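Same chain, two partners: chain A is paired with chain B first, then with chain C.
Coming up: the complex of A and B.
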């Protein structure tokens, strides 16, 4: 190929070899790209950096003016206060005192353990509902034609755009009328309803690409359609299913508006709980940052897993990565 | 959609007694019911409530007032300011996120040693719990210890620390900057994915024909990316207009309504002033705008599907 190439520069470019190119132009380009990258990504990363260093500062240090760029006294005070406050609020103080002879005493009040448990309950429930109902529907929507199918798909896609702020007031009225105010169950349903259309689109994309010949083969092997679905298709769809679940989980984990309006603070999930804490104790930023890091960890772990599916999931499969 | 009648036939042995025409709908029914009850029904409820003067705490005493709530929106200068703020949010926030995100996506597409790590890290602002991201920005912009004040002083932009979140003139902007920080990475990822999806051979062929880099960009890159960019563009508009958390955490929409957009105003009207009727009418405006965006989103989506 290269031997027939009339233009040696074209061959150079094809190999992306400007990286190794020794001409001045290539150096300028490389330097410009690197510098620009640095500036742009400083904007993205600095707030994250700031959260992490703030979490490791002492209460005295966060009040210094001008602020210190990195902790002078590296301290776990923020994390300690969060943990101790959870122990206190959970009523485990005497247990810890008896077991370890250590008296937890925290000046702040954030029960992060119960917030996390509430959020886990809601997020897992919503993920499960969205996954089961969404997948069942997507299979039929992909494989069969029926009246109203395209309209239904469009409604599902449009419904992804509305949730949250556009319907918080009528949602409140509906939930009150149903007598489900201040229950985690209703949040599970709402988050399920918000993410199931997403799962429908994502999984429909998967089923559309699923080869018919495999289904043919299982039919010849005397599988019923439900057996085919469960033993043949589901195992092959594993990755898409996990990605769907994580998307639903993340939405429920992050959602603020409904959690804030439909729950009392005794049953808060993480987002409204953290919000209340931020607004009540916004001089204790090291504690806020420590709590933030703790509740962000599940999200970052989920992200590492679903990164490949992220764009596809985000656009319901419109853009394939 | 090219499955044969026979292939479809293989899915029909659950129950012979249910008529075929009905059976197809059974798996679709639960999710439709869920979405219908918790998303579509509330929209209808909002339309209905918007014609009433209704107190959140005494909904049974609602009184029919016709279009009075809409007349209030038409004549109330406070609401006009909120609508104006919303427009600024959507226009400034979206264009900045798009430009910055496109640039980031472009940089990530360069094959440099750190790009694969960078494209993983860059998503963190988007997936971080919204309240967490917003409270970091609140801390950075905030009163006496804010790092941004210090930064501006060091750069010589201002002489001494100024109040930003509590200022009527300035408070609209910090949440927009926070939102750009959250959304730009998303657009960057869409850009990166689209760039990776373009066949290298197209560029090669163009270079053979003597196309300049600009011509390659104009006649290959942009046309190949147009649907993805359109989807990204609409997502930016949608996320910006329906954002609540960034503003609510940082400023609560204040002082006054100086940093309130439509969603924040809806929340305040319903859950602070308890005026459900007016809040519903405001919701309707937001809903109609989102409906228009969704319409275009679906249009673009169908185009993508048609092309693939």
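Coming up: the complex of A and C.
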């Protein structure tokens, strides 16, 4: 049989397919994958693109139909209005008038800077609460055995699946009973509680993989428990801690419903603050977009800097060797 | 510099009254100042638990652990002033080698300045030849280098005790032998009392001043390596120590004119009374032959048991070979030289000297007769008295 066969390698070719084993097939596959990537890319990034483009359009161009894909009439009007509004609402009008002889006057009455500061306060507070409670809880859950441990872990998981809005009514009653309406503290508590279960799960994964012998080595090296925690565990957990903090921070930064309902507009955080730029039929979308960009930039820059820790922390590859 | 005593120590994991697991059972070990103790036994025999109790990482359920006659049961690991080398090295991954070495010194309340610590770190690094690695992180080191850093971390503090928990198990075979020698040298140099856990009998034999053989949490034998090898307390020790494994056969001891006669399946031989240290009562025994004690009949003195073996497999190991074959009493494993003329299927005649035979009680498995090295030496020196002067093994 082998003698009749003109191709001695025919035996190896029985499983070949056009798509996976020919050069042409490889090009087809690569093209298909590239196209799909492009589509996903556009799908994800178009909203961001639209925000940026809108921010640089004039009010007139925004209302044009059909809409323009890029600004024909490049304008910083949106940014000017945001800045003027902030100066006016922040009470710096006279300062600017005296210093630069420039009279800021705006129809909108929102101070971007105070929105950002409020949000920072809430987000950092929530992050800290989630981190401290979540890490302590996960350490115990990982290191000790006790009755009801699995049930507790399941409850933590369930609380992540629960939509936060479902328990708003009882939460309102609680807030009212504590007399915490219209305070940032209440948002810190709520956001901290919302993210702590996630932190527990994330950090438990880390502590489960944490080698006992390193803790024992530190005990032998004459560390007390506190010293072991501070000099050995915290530095090794850095990536996971950062990932947990970012997660809690972002949730607090983005959360709208609680902030909108529990605060009045003098104490608004960023999401409800942005919402007040949307004013019925009269919304100036370029102003909204400009405000969004100004607000996103600091967070974006911060995250870009620590995102590598975030990824490492989530994937848990912190300990090797 | 510590005299370590483990006195009647028992460790039970779980509830002692219900389904607790006895990890260590009434263990008594005494280690003199500067001695090197090896805890040897199969997995799960309680050797690591014992070491951890000595280090203070576990608390004994009962019994006492004493350093220089001071009971340390209640003293925490961090206050015992011991140093431990772990199987996985347990280096702090976020610290450089320098920081790893200096960490214990910095934590210690010893009034050392940073410069003092650094000086000591460099001293130890030079001693272990890792001075060029001081600024590397553990992840950048090879296994042997990590091992050296772990050793350095232990010796830098000049502790009362060194504890080694299978420190060589994660290294490759060649490195294991090198590091074994280094640990031995290092310990002799600094003279600090040491306890070393391993399941590798060869490691134990080479490194130990004293071996404690454990099985199922109970001490089987405590003695010098040659005692453990030549006079194993029982069948377990005899089978665990020595490689290849000892050949064991069921036999019966009968009285004979001079000494005793041992009947095996298909063969029998006599043990003259001068080969016996104590009287061996008639009855069932387990007979043990070390593979190394066999020799090809005719190559040496010809008294003692001689029998034929059908060779199944020959495993050459350099100048010697391990031969597996079928003898009249069952499977036989022998380690012999001059094997080049042999091949599988051949018949080989093997002999063993009476003083090399081990006998164990069939019921209690306790030793009845051990391997006597001095007897053989005297016989040899009688037969070759002219040339053996001053030769010592």
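The rule is simple: the second predicted complex is superposed on the first by the 269 of 321 C-alpha atoms of A that agree within 3 Å, B and C clash if a C-alpha of one lies under 4 Å from a C-alpha of the other, contacts with A are read in each partner's own complex, and residues count from 1 in each chain.
The definition used in the following text is that contacts are C-beta pairs under 8 Å (C-beta built on N, C-alpha and C of every residue); 3 or more make two chains touch, one makes a residue touch a chain.
Remember, it's a predicted structure, so these values are computed and weren't measured experimentally.
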item	value
Touching partner for A:235 - first (chain B), second (chain C), both, neither	second
Contacts of A:295 with chain B and chain C, given as first, second, both or neither	first
Contacts of A:278 with chain B and chain C, given as first, second, both or neither	first
Touching partner for A:211 - first (chain B), second (chain C), both, neither	second
Partner chain(s) touched by A:164 [first = chain B, second = chain C, both, neither]	first
Residues of chain A touched, compared between chain B and chain C (which is higher)	B
Partner chain(s) touched by A:265 [first = chain B, second = chain C, both, neither]	neither
Partner chain in contact with A:219 - chain B first, chain C second, else both or neither	both
Residues on chain A lying within both footprints (that of chain B and that of chain C)	216, 219, 224, 319-321
Of chain B, residues touching chain A in the complex	1, 3-4, 7-8, 10-14, 21, 24-25, 27-28, 30-32, 34-35, 37-46, 49, 56, 59, 100, 103-104, 107, 110-112, 114, 118, 120-125, 127-133, 135-140, 142, 144-147, 150, 153, 161, 181, 184-186, 189-190, 193-194, 196-197, 200, 204, 207-208, 227-228, 231, 235, 238, 242-245, 248-249, 262-263, 266-267, 270-271, 276, 279-280, 283, 286-287, 290-291, 293-295, 297-298, 300-301, 304-305
Chain B contact footprint on chain A (complex, rising order)	10, 13-14, 16, 19, 30, 33-34, 36-37, 40-41, 43-45, 47-48, 50-51, 54, 62-67, 129, 133-134, 136-137, 139-141, 143-146, 152, 154-159, 161-174, 176, 189-190, 192-194, 196-197, 200, 208, 212, 215-216, 219, 224-226, 228, 250, 253-254, 256-257, 261, 270-272, 274-275, 278, 282, 285, 288-289, 292, 295-296, 299-300, 302-304, 307, 310-311, 314-316, 318-321
Footprint of chain A on chain C - complex, ascending	55-57, 76-79, 82-84, 86-88, 90-95, 103-104, 107-108, 138-139, 141, 146, 153
Residues on chain A engaged by chain C in the complex (per definition of touch)	211, 213-214, 216-224, 227, 231-232, 235-236, 238, 319-321
